[in-house]
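The chains carry the letters A, B and C, assigned in the order they are written, with residues numbered from 1 in each.
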Amino acid sequence: MKSKTLTPLFDLEKMAGSNGHSGNGFTGMDILSVNQFSPDSLEYIFARAREMREMVARAGAADLLKGVVLACLFYEPSTRTSSSFIAAIERLGGSVIPITQGVQFSSVSKGETLADTVRTLEQYSDVIVLRHPEIGSAKLAADYASVPVINAGDGAGEHPTQALLDLFTIREELGSLNGLKVAMVGDLRYGRTVHSLTKLLLHYDVSLRFVSPEILRLPLTLMNEVIDAGIDVRETHDVADVIENADVLYVTRVQKERFNDLAQYEAVKEYYVITPELMEQAQEKMVVMHPLPRVGEIHYSVDKDPRAAYFRQVQNGMYVRMALLAAVLGRA
Amino acid sequence: MKSKTLTPLFDLEKMAGSNGHSGNGFTGMDILSVNQFSPDSLEYIFARAREMREMVARAGAADLLKGVVLACLFYEPSTRTSSSFIAAIERLGGSVIPITQGVQFSSVSKGETLADTVRTLEQYSDVIVLRHPEIGSAKLAADYASVPVINAGDGAGEHPTQALLDLFTIREELGSLNGLKVAMVGDLRYGRTVHSLTKLLLHYDVSLRFVSPEILRLPLTLMNEVIDAGIDVRETHDVADVIENADVLYVTRVQKERFNDLAQYEAVKEYYVITPELMEQAQEKMVVMHPLPRVGEIHYSVDKDPRAAYFRQVQNGMYVRMALLAAVLGRA
Amino acid sequence: MKSKTLTPLFDLEKMAGSNGHSGNGFTGMDILSVNQFSPDSLEYIFARAREMREMVARAGAADLLKGVVLACLFYEPSTRTSSSFIAAIERLGGSVIPITQGVQFSSVSKGETLADTVRTLEQYSDVIVLRHPEIGSAKLAADYASVPVINAGDGAGEHPTQALLDLFTIREELGSLNGLKVAMVGDLRYGRTVHSLTKLLLHYDVSLRFVSPEILRLPLTLMNEVIDAGIDVRETHDVADVIENADVLYVTRVQKERFNDLAQYEAVKEYYVITPELMEQAQEKMVVMHPLPRVGEIHYSVDKDPRAAYFRQVQNGMYVRMALLAAVLGRA
């Protein structure tokens, strides 16, 4: 048979290409680092995230990203982050290619480079979310891909959407980002989320308190950045020193493995654990945050305290990611 | 830019929240055990399951659960059950976060508790389907989650949706649940599906025949429940004893591993195998069921016998799960 | 409550069953081998694939296969192929049950046969895409399944959708399939894609050049088929011999592991590598293709050459699979 005799499958005239939204400068952008964000663009994403929250509460999902396929490429598992992106695209009417397990067993194990994998996936998809154990991998992927790449964690590098959801949570919980006393607690040396959130907070009028064991203090370079920004900053070894005045307690885990001398770990570990007793000393409007998972550093009995914001923080991650996806795809 | 200048992404006024269905008491309910079901509520779910079957035959899918996200959290793989739930939510217009493999490599391996994992996933999703190797895990998850939890098997505990689909299959194949002679065959000691189906059948006017090796007889407690219910019941060692009168033959596997003495296994194994020769002795309207997978306990040559209902049973599982999902989400 | 008091969930009268397309003989067909395709049916699929490309460019996705559930059953991982099928069904409004990892840990490990797995999955789904390491497995699955089965690679057997996308790519890149000189390069002995594409090309007026190490020459049977078809054919050991006249260079990898004598591999390997220098000798309209992944056999510096068609080839795979899915489901 000849193709000219075919009845067309689609009425292409009727198929819409865009919703007329401009993306406000985000259209086509890769999201690789918190350094890409100004207070204005943060405010824009947060406003969109609030709309997402309202829409989800009202209807569960919308068709804003109908027709969009997201490639969710995770070279290391992260249930929380991949689930958040999957829910985000699905609640906007798009769909997902989940490559969240066993990437190592497939093309990659046959020796394919990340550049080739990314250029393959962009043939099928409209946006790529990448989790990779190596620093710089998201940048490399973005250099090769013609579709937007969102960095969902590149090893010791960045995890910008986590920092955005952390900042959004502070904003939503406390109504403002200015005039706050934020205490970061735990492993401040290796904690990627602490570093990224700190950088974002430098845009605002905040006081910072860094609470860690000596060997896990904030890296010198970042500390100097904070000082150069003219921020009111102090370091301490015990969360008890900051609990009374803090508006935000951002808790991370102090891992035993970081200590050469286990006796040293045993001696200090309790200084970084949030208990109901400690919470009694805190302000009534203080919020406790944690990037999760936690393993003992916040007691379970703290969970029912209304100031425990860590699960609301998880939910905010979905809204922020919905906003980012809509923005980089030019639909917000 | 200021957020007040934004053109809204969604027309929230137009977005529907509910279809006006009441859920008939199921709305928000966790599905943990067959003990939650009365004959009335079973009849309600079965009526909805029939509607699902008709809808799928007509259109493949509907939008009843559009906007719903199901978290499919499987700590141990079960392709059959997870595929059934995934198809169920998709055929109702909802979507899925599949966490069906390698959960052990992610947050969980970092030491996160089931309670935290569940409270994280409920931030993204509207209903959680949980498979977990430990008895009581579904109850624990439900205690922490604010969204409905459906138990898809908790080790030696329960697997209620399997029992519901088994009962629904008997009902659909034979037109009634009363007046039937049901024979359970195989491993009646450890067979979770046998225990749950037996409990549900106690609601009806049935006769029960239990066919097993001596060491795999029905647990004493359950046997006493059956007797206390005033049911006509007998135990036997050979399926040949029951084949002529049975309306239902519910077959499970007798695993070699259960026997300390392999000679004993060899001596009895053929008593629990369904062959075409055995089928010749059965009634014309009898049905053979099996929770699958099977490994030799039903000969492949039995498959073409119209009384072989085990693949129809699989399909019924999808309809029953569709009905349950719609019900607990308040849309049925 | 009685089921007769239920308000129906669905308006079944309004639910459409079909779009009126005939499927042109493909409806319900299994896609197992390239031998099933005539020039007419190839032209039909290619015309539909072009419509898919235009629709995706215009709208991203359509509702043509709304209500369709695809079971994507991969017994061995192949990110490229599974992602392509997943994107294909999603861009047509259908959904997917992804069983692309760890099948070996589930029912299958409990001893379930492929026949039973397939008959289980067809209870949930409308079409099954199967990747399996054993030759003949797709045929076996199709023998048991009542829904269409698409072979996505059965070991040393076939991978027909790859051959179709290869042929479609040649057609789209060069405007015709007749009058072309096609050179196949690399491992022609074990290369499944080379064998299938060669068979399809026998339908057309082409010249074939086979370029391989001595131990990796085209199998004798296939070579005889080519000769019997009256095709202009030659074999050679060096891609430099064919580069000047070729319209298509179809490159595959020469694996070190194929050689008993590594010195022999080292001596010949450079004859099968595509470099920018080699490309200078080629025609301006020649195209370089590769089934991917590649590992060194095409230099990365060739990628920016407009004649490098291998990533466009990947994209064509999605369109061809969309066309096949629509066709076997009777919607094209």
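Some notes on this structure:
The rule we apply is simple: a residue touches a chain if its C-beta (ideal position, glycine included) is under 8 Å from a C-beta of that chain, and two chains touch if they have at least 3 such contacts.
Just so you know, these numbers come straight off a predicted model, no measurement behind them.
To overlay chain A on chain C by their CA atoms, one rotates by 120 degrees, a value rounded to a multiple of 5. As for how the two copies chain A and chain B face one another, under half of their interface residue numbers coincide. Separating the centre of chain A from that of chain B, both taken as means of CA atoms, is a distance of 37 Å.
Touching of two or more other chains is recorded for residues 95, 98, 101-102 of chain B. Residues 1-3, 6-10, 12, 15-17, 66-69, 71, 95-99, 101-103, 105-108, 110-112, 115-117, 119-121, 123-126 of chain B touch chain A in their complex. Chain contact summary for the complex, chain A toward chain B: residues 21, 24, 40, 43-44, 46-48, 50-51, 54-55, 58-62, 64, 77-80, 83-84, 86-87, 90-91, 95, 98, 101-102, 292-295, 300, 311-312, 314-315, 317-318, 326, 331-332.
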